[in-house]
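Order as written gives the chain letters A, B and C; numbering starts at 1 within each chain.
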């Protein structure tokens, strides 16, 4: 799934764990830049396939030829496309994604300002999915074919089939509109806590402001639940399969035949083996999460990258979309890098 | 071939969840084809009745009416046609691009195959929806562009899969033997490798349908799909939002339709995987 | 009687799609103290099922034990509380050497960690009863001494380094030596080794088996050793028990087993061994379907000496020589020796 580097064999060397992680990391890091560069070229190509004329759009119908030329020069679209690409690459290398046709501000600033909102939401959703999904997956496997297992199967099948934006709307309809238990949308009422990390939960804890914290969490509930539903389903499913594989394995059979207590075998050993598979899936889950975040943010008016992308779409701001695509690609590649490294750490068979 | 099909059908029938999936999909196809017959207000894709707007579900309007006074149920049926068309064509194109790319990259071991795989990896390095949004955005809202955007983002899945399968098929002794006997590359790929990898391609394609339909719905929801007054499901849900919470039926019905169809493909895909691709069998599920 | 283990009339079935498979039919089986017994028979005759029944680890959802007793060291294991079995029989009094040393180690933990976990619960110094809350430091270090010593005894080089390795970093032969060491560590009275060398390279099979035999003999530990291979069984076993289609048919000291087999099946089995004189001679007919086994002696459809009696009633064990028991209505009289 990842922009993965080919896996080499460590041969007869048996590097220690740290060594192994290092080799892996370097291997992946080497491919990090080319992958991003490729992504950049692809997005750039995409946004230049059609000679759409956003300048005319901004300038309006009554603009003079000089005004349009000036605008074109300002946004750098007066030069040939390869030159534009080269300039764009140079710019991105210096953290300059160009100027938003829509907010008229540097896109990098816009994106960085909105990144914490998306990341906070994604983290909360991942944690929620893991904390609930893993134990439920184990239970489903241990009580295989019980009513609990069947009920959880319905749950996972639904989680993987539901359209996140629709689920979001249903939750809004029920909990915000009908019952009034949660806010309808937004990230906080009022200004929010003093920005330190940009994560409102962390910031309001740092500020010792419990009232804001409660408000922030209240706003977080529906979007986080929406995002975590499919993620939880995936995690549960893989945990269940992993636990079953492990339970049916010879090493578990051996431990039970040697009289090691069943609960010790299941919760200490089987789970560890099962989680290797689950961790591998976290990258995939995170990708889905980010993808869903775009629409979920749109539904909940959550001021993150997704909402920015949606606004850029509405404004035909292709610089904004490109910036968004690149930053999403970067986050996604980094997450997968971390997954690969941690996988290498917990699974000793994985070398190099 | 007939034998295999019969074997498949028998296996599917004995797996309850897979059979359910197959049933749902059959239903979808029937509904799409027979939409004009099955719908209670077949004209409602284009005809509007403002005085009847936002009526709750009733005997005349099973799922109520929308903001234009059109029958939600009837529009839903016609929306199925759009969903099927998008999913089938987009996936078909992805498969048609992905298979040759994967075959060539898997068969040859040179810089071309490295380059092909690198490129697919780059596509896979971003969530599909993000690229699809970028593409659909530049191309402008229409069915054709949604299909283009989806095919352009989904082909690497098949390229990757076919690449890996080809590499392992090449290790089979009889494939090795036919190469040694001087069979031409295309002959080897088409006669030996392709049949070997067809089951995993079928499985991947079935499961891919579900994902594609979800992504297409997202594009529709964001306004990047076919423009109004198209009965596309994602767009319908987006339109319904301003009439909540009163017109709950308006948002609920198309979402349920998406849910059912995606679930159908997922269930069928899981069932097919258990039957065709035992290596990746979900353990203990069947 | 000085038997360590006495299985009497054990009857076990498995629920399958095509009905109850009667996999063990009133099986009698015994092992003396310090005795090494080979359990031999064709594939599917029930060796593993018997071994697992003794260990108490038959699959709970499909296995049905309908009759018999398993007496071990004065306790009837089938009447014992399952928790008590897990704490002070399995892994303590009876240990296990698995068939496949490759997959019987957990791949994601070091060997040292896995042995430590075993010792935490099963060290001879572990307090009997419900098992440890904590693994006390004093016991941990005395256990480590014990482990290192035993690893040296099973001829594993550089034990300290070995403990830090992961299973996949160690060869199959070494892994099986580890398994034997782990079976000996709790100082058991009985070791159950179910085809302990089939997964290994032929060249190291003999070494491993000789090691197992030597260590068991030195320590006075009994061994139940299952195999298809009569040759190896003869080399390391004091006594052999033969099974056919879920019935025990003959049990004899290794010498008289080969020189004076009495049960017709055993005779045919020995005759079917490839030999210089007559090449390979198979036994005509085939192993019965265990969901509908023949009544009486299950070998009767293939037995040329079978009588009406054989078809109705299963013979009881009868002494046919010193320590030699056969369950045959018409035992062979010293003929048929290859």
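Quick note on the criterion: a contact is a pair of C-beta atoms (placed from the backbone, for glycine too) under 8 Å apart; a residue touches a chain by one contact, two chains touch by 3 or more.
These numbers come from a predicted model, not from an experiment.
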| item | value |
| --- | --- |
| Each chain counted as touching chain B and chain C at once | A |
| Chain pair showing more contacts of the two, A-C and A-B | A-B |
| CA centroid of chain B to CA centroid of chain C, Å | 54 |
| Distance between the centres, which are taken as Cα means, of chain C and chain A, whole angstrom | 53 |
| Between chain B and chain A, distance of the C-alpha-averaged centres to the nearest whole Å | 23 |
| For the chain C and chain A complex, residues of the former touching the latter | 52, 55, 57, 85-87, 89-92, 95-96, 98, 100, 103-110, 117-118, 121-122, 131, 165-166, 168-169, 182 |
| Contact footprint of chain C on chain A as seen in their complex | 14, 249-251, 253-262, 264, 269, 272-273, 276, 346-349 |
| Interfacial residue positions of chain A with respect to chain B in the complex | 1-4, 34-35, 38-39, 42-43, 46-50, 52, 141, 144, 157-158, 160-167, 169-170, 172-173, 177-178, 237, 241, 244-245, 248, 287-288, 290-291, 294-295, 298-299, 309-310, 312-314, 316, 318, 321-322, 324-325, 328-329, 332-333 |
| Chain A-touching residues of chain B, taken from the complex the two chains share | 17, 118-119, 121-131, 133-135, 137-140, 210, 214, 217-218, 221-224, 234, 237, 240-241, 244-245, 248, 251-252, 254-255, 258-260, 262-263, 266-267, 282-285 |
